[in-house]
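Chain lettering (A, B, C and D) follows the sequence in which the chains are written, and residue indices restart at 1 in each chain.
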Amino acid sequence: MIDRGYYGGFGGAFLPEILVTTFDELVDYFNDVKNDPVFWREYEEVMSSYSCRPTPITYAENLTNHFNGPKIYIKREDLNHTGAHKANNVMGQGLLVKRMKKSRVIAETGAGQHGVATATMAAKFGFDCTIYMGEVDVERQRPNVFWMEQLGAEVIPVKEGTRILKDAINEAFRDWVTNMDTTHYVLGTACGPHPFPEMVSYFQSIIGKEAREQILKTEGKLPKRIYACVGGGSNAMGIFSGFFNDRDVELVGVEAGGKGLDSKMHAVRLSSEDASVGVAQGYKTFFLQNKDGQMRETHSVAAGLDYVGVSPILSDLKEKGRVRFEAATDREVIEALSLTIKKEGVIPALESSHAFARAFKEAPQMSKQDMILINQSGRGDKDIFTIADAVSDPKWKEFITKKAEKYNA
Amino acid sequence: MIDRGYYGGFGGAFLPEILVTTFDELVDYFNDVKNDPVFWREYEEVMSSYSCRPTPITYAENLTNHFNGPKIYIKREDLNHTGAHKANNVMGQGLLVKRMKKSRVIAETGAGQHGVATATMAAKFGFDCTIYMGEVDVERQRPNVFWMEQLGAEVIPVKEGTRILKDAINEAFRDWVTNMDTTHYVLGTACGPHPFPEMVSYFQSIIGKEAREQILKTEGKLPKRIYACVGGGSNAMGIFSGFFNDRDVELVGVEAGGKGLDSKMHAVRLSSEDASVGVAQGYKTFFLQNKDGQMRETHSVAAGLDYVGVSPILSDLKEKGRVRFEAATDREVIEALSLTIKKEGVIPALESSHAFARAFKEAPQMSKQDMILINQSGRGDKDIFTIADAVSDPKWKEFITKKAEKYNA
Amino acid sequence: MLRDYLENRLKEKKILLMTHIVLGYPTFDDAYKIIESMVEAGVDLMELQIPFSEPIADGPVILQANQKSLSGGSTVSQCFEFAHKVVERFNIPFLFMSYYNILYKYGVSQFVRDAAETGIQGFIVPDLPPEEGEEYLIAAENHVTSPIFIFSPTTSDDRMKYLASHGKGFIYCVARKGVTGAGTDFSDHLNSYLKRSRQATELPLALGFGVKSKSDVDFLKGKVDIAVIGSETIRLVDREGVGAVSEFIKNLNTD
Amino acid sequence: MLRDYLENRLKEKKILLMTHIVLGYPTFDDAYKIIESMVEAGVDLMELQIPFSEPIADGPVILQANQKSLSGGSTVSQCFEFAHKVVERFNIPFLFMSYYNILYKYGVSQFVRDAAETGIQGFIVPDLPPEEGEEYLIAAENHVTSPIFIFSPTTSDDRMKYLASHGKGFIYCVARKGVTGAGTDFSDHLNSYLKRSRQATELPLALGFGVKSKSDVDFLKGKVDIAVIGSETIRLVDREGVGAVSEFIKNLNTD
């Protein structure tokens, strides 16, 4: 084990022995590319010609006026190809897979966003592709499953455990320990054993690099606060990392408050008492677990935040006080989503809407001289079934009913 | 009537008298902005900070190898905010509406794409918004209707006529002749009375301007052929216009062949015998009409191409021989779509897939020294119901059936 | 000529009545009976609308009449035959109203000539401004029929003069913004518009869009020369059948 | 000490048998009966798996046993009590097998001490490489129990030596890539891997992953010291009930 990757007391590489060699190799390759300026240029080139980086920052004038508070800017990761920041990570890992000369990729997915992104990358680079997805998520994110399959990926519904994201990760590891010679596991967030937290953050750092430059160019100063939602933590790491050295910029990570902290139906690891430090899925961090160390069920309206663990780097930043963590409830999230759609004509993903919800809560208390930046990690089109249900749209129900009747006629 | 806008024998402004003043005013404003370099810069600025222009061109390496023919490039209008080139037009007209100090916009929509784009622009600029949409299209494009409503627009299902795009245009005109003082009609394509064909083409010309520069930068030469689908003709005009002066670049417009020319179930105006020159919806062009001048029903798997008329500028370019027109059938389109998804990881809209289908038909006959450019006018996510039906996905049907059962439980 | 006829009639009546029907709606036979009742009830001239699939300036009532007529199979040549019949039989002027594509596909000059030969005295083509109508204007001139142009409340004084310079027979003033069939507020705010119209032309003025009652017609007396009843008779036929037309018109027509 | 026990036994038998059960599966009572049968049938040592919600290195059979045990309410303290009972009752070495989080949440040193005091002789923690196991290794040292480390076919010679230097009791060689429960091809291509393993350490070698029949065990004779039966007994219990265990083990155990 050549390198283990700790951030304060968090991180590490708690690996089954069978994977140690694979990880050593991965760490080697990653260290190579990290120190190779040509690689980053190649990466930027792919992201600009295949996706559309740099993604812009958008001034949200109407929201700003609505809250009569700080100027609100939005970093538009929703404009990425496949509709979320997930593209940054998969394309980066895809380039690495090419260097490693492997021919197959696997991935876990919760919201389906990372699965679609990985399947897309696999199509583009000509890799075989298998996606593990909890059975519950397969049900609630069928459109994404459909696209993964159209993209040529095999989607395997995981029927074990709580049948959501964490179980999909376990299944992906089980595949990997069998097929590591040909296969790379494209982990979708800044979690898992070293080097994944660092590597995923590295590829996502393109968000913060761009954002810092853009906001300085547009406003001539840095934002007072930056908001990002936190599932595994990759989009948050992506945007925050651009501002770590700017001590006056407050970084706010927003977790999934679900039905509220008291309900226990949430996915709040860094700002709730229901979580504690543990080791699972190959790394040490805050997990939602019971006193025996068994993982709890989590809940969020946003499938992509419905996860028991969190990036060890964020756990460390929390301990160090560099990032403040908050939670937004499902209800607050739907409200923030609705307001954002109506005021700005952008449709944040339910995940991203957590960042908006918290920003909206704090904005009225801030000065008009201030400026804040919200990371819109993805677009909400994919969430139509969930959002239509959340707003309980009768015409949508009627449409689905008619469609079903036609199928079964 | 200060100006009528003819292109060879096509175009004009066949207006009810009540609208003449409104059009004169519109022509005036449009001429102003057209000659104002500040306006274009403002437009580019909005398109780059709110959408993500310039959209890239993507080299389709796998498709290129697959056909063993010319190098294939794709212009990525699917990466625009709201997912299609329609954004270019609506944001441009939106800026114009601000100059005109009107407070309400209306629009027709077929696929729903232009409706979503207009509703988005209205939200962003703070306009009231009403969208007219044929009842048939409301049924088949429910997800877009849902988003328009979430964006704050009123969507009015048009129950007259064939209840598709052309009928929605008529209804929008009926609204306009009543409310022109406060209201601007944001026509969605390069059709209708002057100045719309010119104005919509003007805003869409950003596609071709960018594409020409990009391909020259990347390849050092111009493409041999450029393919674009043709509904009303706006995306085609957008990309073609960048290359009008490059006589060696062949421009190919691809219409909706539907179930085949013989079936009469198609929307082929420029490359079929079923169309002839006529005047309707305020302009003169090729229409699919009977010998009395009554408009025919049209058919396409792509709602956005399902239209009886076509840009008068394209009619002229056809007569002049500057643009070649072809048709692709529904079946060819679904095949091309499927291949593109699997090979490149991009999901063209069904409309855009027409351009791909024709390019794929011609590619094997071309030299490997050649290079072609396909305009991907939009992304296909919105078409999931149609595409799932086209590939007859049993899991999708099951999903919809279960969803319906839950709604009706 | 149409104008002479109108001016002569105006010596006898304070205001003339023009009615409108859609050919082939509900059927050609019914349309014939409606005309019969109207003429018998004292209507002074009539618009015969040749149905078109895209009647952009018409509201829901006339729009649906157009569509139903077409889905019943009405053709342009049937409309000509029908016009021939009514012109022969009834002694008032008949105009063709339609959209430009109907003329265009037929051949504009030929359309005007055939219509004139049939005895049609004028044309209302709401989507054909004079600027787009050169062939039409020449043909109308050649065949001594009247191209009727339209004023609207948004039309400037200059443009009124321009339109009047190409119009024959009379000027059709639309009472308000909007399409046919909606309500119009017949009150003083119409006056300045009608005064402007009067100043722009010596042609008789007709006013349409929203005229539906005796009081509307009475309001227009002295202000315009012709009151146009459009959607309201179609509504009446839809509601009460062909038989109700005669009494409705007679009531409007009492002095 | 474990190693001594094993080496002594090996003087009597060509190959030892280690079996594996998941605590609380199907129930604690059944688990007890299974152990009873196994010991009676001549098993030489046993792994007691404390169930964990995320058993990343286990295949479907053991994974589901973990889940069912947990959803039946099994807790870590029940596992300790149970271990206490079987250690008292049966005269073979028992090991705890679990994932690191179970130790971590309990407190690593305390876990090792309490287990040692209970009479547990060693630990298999598949997601805990020595690099991450400092506290664990010290505690095991202090309480004279054996931390068992794992070799895999992908482990380099150097790393084997490194692992062996931290291991006590024996080395657990996984037969192939993959998770528990899948089939393994017991043929000559295992030989070079086992030879490498033998060269890297003087500790006894156990081989697990896919051992399910007498012929598998026979194949391993002379190559390793312990054959590990994992998923196969769970499958058997699932299929034929607790009663079938005894005969199955006896059959494997015949010389």
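The working rule: a contact is a pair of C-beta atoms (placed from the backbone, for glycine too) under 8 Å apart; a residue touches a chain by one contact, two chains touch by 3 or more.
Remember, predicted model here, so these are calculated numbers, not experimental data.
Participant: Tell me which chains count as touching both chain C and chain D.
Facilitator: Intersection of chain C and chain D contact lists gives nothing.
Participant: Report back the single chain whose CA centre is most distant from the CA centre of chain B.
Facilitator: For chain B, the chain whose C-alpha mean is farthest off is D.
Participant: If you average the CA atoms of chain A and of chain C, how many Å lie between those two points?
Facilitator: Computed value for the inter-centroid distance: 66 Å.
Participant: For chain A and chain B, let me know how many angstrom lie between their CA-based centres, rounded off.
Facilitator: So the centroids are 33 Å from each other.
Participant: Roughly how many whole angstrom separate the Cα centroids of chain B and chain C?
Facilitator: Whole-Å distance between the two chain centres: 38.
Participant: Two or more other chains touching the same residue: where does that happen in chain C?
Facilitator: Answer for chain C, listing residues that touch two or more other chains: there are none.
Participant: Got the chain A residues that touch at least 2 other chains?
Facilitator: None at all.
Participant: Looking only at which chains touch which, which shape fits best: line, ring, star, complete or other?
Facilitator: Drawn as a graph, the chains make an open path, so a line.
Participant: By the touch definition up top, name every chain pair that qualifies.
Facilitator: Here the touching chain pairs work out to A-B, A-D, B-C.
Participant: Across the complex, what residues on chain A touch chain B?
Facilitator: 48-52, 55-59, 62, 76, 79, 81, 83, 119-124, 126, 139, 142-143, 145-147, 149-152, 338, 341-347, 381-382, 384-385, 387-388, 391, 393, 395-397, 399-405, 407-408
Participant: Using the touch rule from the top, collect the residues of chain C that touch chain B in their complex.
Facilitator: Spelled out, the residues of chain C in touch with chain B are 52-57, 59-60, 63-64, 67, 70, 75-76, 99-102, 104-106, 126-129, 131-132, 149-156, 159, 163, 174, 177-179, 182.
Participant: Looking at the complex, which residues from chain B come into contact with chain C?
Facilitator: 1, 4, 12-18, 20-22, 160-161, 166, 170, 173-174, 177-181, 276-282, 284, 287, 289, 291-295
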